[in-house]
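Below you'll find the structures, each written out as structure tokens.
Two complexes come next, and they have one chain in common, chain A, joined by chain B in the first and chain C in the second.
Entry: the complex of A and B
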């Protein structure tokens, strides 16, 4: 049985038929998975009243696009093949090269692909707003009304742990009594031996011609 | 206080140097994981139901030195399988930038190494397949990405 409409949840009914502006933080999120999630909200598939001909999609603002992550070494191993089927319109560009030039382009490509291969994705992608960091125009800030959840939880760095948390954490390794702590000191790199370059022995000649 | 380990101490007295092994005491409120089977390595037997990943920094730090290197198998006392697992997780944590105080300042950070990455499994470092994706020339330019690099020429 559906919940009765109270003064609290009647808002959800209004939001369903309104075009809402949602914000999501892309830092440390997988570019592909985030593209799928954002495309879902742009096309309106998160609403139970969705129909391909009903224009019920929302606006999505993505911040910190420069901090978007890829799985493993995909920055180096993903090659984007551009082709317009016209002369001189072909190119193979690595993902890190695109990201260096324009931090928002990778997320734009993944969202555009996740929207499906149809004509309506051109109007849905107009409602996507990508920003490399947290700076955005005033009208966008005023319109934002919702925040979407991140897919990948952000990992904590070693500097973000306090001393108390470190002391509270249990030890896994119990060293034996004759263990020497000096073995834990950092080892100075002795360097690598470089083979000397072969040089031809000089022929001995007299000064006279 | 219980004795944790020993430390090498040097004491110079005139022209004679005395080298000795001194006990290092540790506070009694430090907790250790219970070891069910003394013959197996600590990670195989201790009661950790969850797989150790690159995010578990407090666990990985116990097997590392201060400069970011991993302790050898003889010191950690782990079996080969667990030692390789820990080494891979530490490598993944270094790549993800989770040890900012344990890296060298002259570490090469060119091109793709500056960008963030995440890992699903510790064996992902071995998956090095080239992926070819179709790119799209169509793009809605909302801003000039090189605008901040533009420096106007100074008029004399």
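Entry: the complex of A and C
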């Protein structure tokens, strides 16, 4: 041995290389950014002892995957391409369709892509545990030893404000007594949409013949 | 200086090939044998042997050195034993033996007096350690100044008291500047603890 480790100090070595189980809440978080953060912990790059050949990645448990978010209209616009290199095995599926079918799949895909295009990601992704809500098996719950911080701050819902806080907030506009707020206004049924009848555009005539 | 990485390497080279002496590709940090120079310094050159021929032209430099420079060298280095070995029709060599038992052999045929004296001075100043490619140009005895990292070093100890996952530990860290919403909320609800500047 280069420098013998005493029985007293070997515990530090075990602690240094211990594999940790971390949990993170995916509710209201951007799927791509969360994938990057989770991939970083799966590969062990958050540790100063990281080396690609040292298997120093951690386990990550992601809860509330069904509440994961995407920026803007990405749920509608993002297409995921699938190809099994067999005939008739190509398909492009929208993100919202995948999420409808399997709520954990989108996060799995974003984490897999964030791990990089290499062979080691196949072993790293095995350590990712995704759950659509907060329910998880008992052995997973027992193993969890650390909680990771979210990326996007979750705003308070309007229902989470107390009546006192609402009253204390200053009014900018004074409404008249008979004013109805936008979300209390009755919803008017616009009726069925009727396609306008085509009318030929009139030719402009000067009057002369 | 970082601690040495203990890597679980996959065996991509035959085990026998690992025992090949790649001395010419050895790499190491700079070091001194027996911590020489830390508290006390002792010259590492213990014995120097000059082997030369009395007649041949290749030993001219050695003969000149022995005539003119050797006595001064021996006087200046009392800790070094100087041996002079004449031989017939032998190639002139210099052999230096060091405190750690290693030896350096040098062929000095056709070297002039100046060249030889430079080489002998080089041997005088060497430690007995082999020539290696430096991994870094500095070295340290202390493995870590700030202490070895561990996974629990920067962990919030409050996480130990409650069952995870807990919404208390989810919010991201505060930024240096408050957001517009936070600024207004601080003004409205009189939060004086938040003293971040906009």
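Just so we're on the same page, the second predicted complex is superposed on the first by the 155 of 209 C-alpha atoms of A that agree within 3 Å, B and C clash if a C-alpha of one lies under 4 Å from a C-alpha of the other, contacts with A are read in each partner's own complex, and residues count from 1 in each chain.
Note that a contact is a pair of C-beta atoms (placed from the backbone, for glycine too) under 8 Å apart; a residue touches a chain by one contact, two chains touch by 3 or more.
Source: prediction; values computed, not measured.
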Which superposed partner A:53 touches (first chain B, second chain C, both, neither): second
First (chain B), second (chain C), both or neither touched by A:152: both
A:200 contacts which: chain B (first), chain C (second), both, neither? neither
Mind working out whether A:15 is in touch with chain B, chain C, both or neither, as first, second, both or neither? second
Is A:208 in contact with chain B, with chain C, with both, or with neither (first, second, both, neither)? neither
Greater residue coverage of chain A in the superposed arrangement, chain B or chain C: B
Just to be sure I read the superposition right, which of the two partners does A:7 touch: chain B = first, chain C = second, or both, or neither? neither
So, A:80: does it touch chain B (first), chain C (second), both, or neither? first
Could you tell me if A:170 is touching chain B, chain C, both of them or neither one (first, second, both, neither)? both
Who does A:180 touch here: chain B (first), chain C (second), both, or neither? first
So which positions on chain A get touched by both chain B and chain C? 152, 165, 169-170
Contact set on chain B toward chain A in their complex: 3-8, 21, 24, 30-33, 35, 42-43, 46, 48, 54-55, 57-59, 61-63, 65-67, 69, 71, 75-77, 96-102, 111-112, 115-120, 124-125, 127-140, 142, 145-146
Once bound in the complex, which stretches of chain A touch chain C? 2, 12, 15-16, 18, 20, 23-25, 47-49, 51, 53-55, 63, 134, 144-147, 149-154, 165, 168-170
Given the complex, residues on chain C that touch chain A span 4-10, 148-152, 155, 159, 164-167, 169-173, 188-189
Tell me, which parts of chain A touch chain B in their complex? 27-28, 30, 67-84, 89, 91, 93-105, 108-109, 112-113, 125-126, 129-130, 132, 152, 155-159, 161, 165-166, 169-175, 177-187
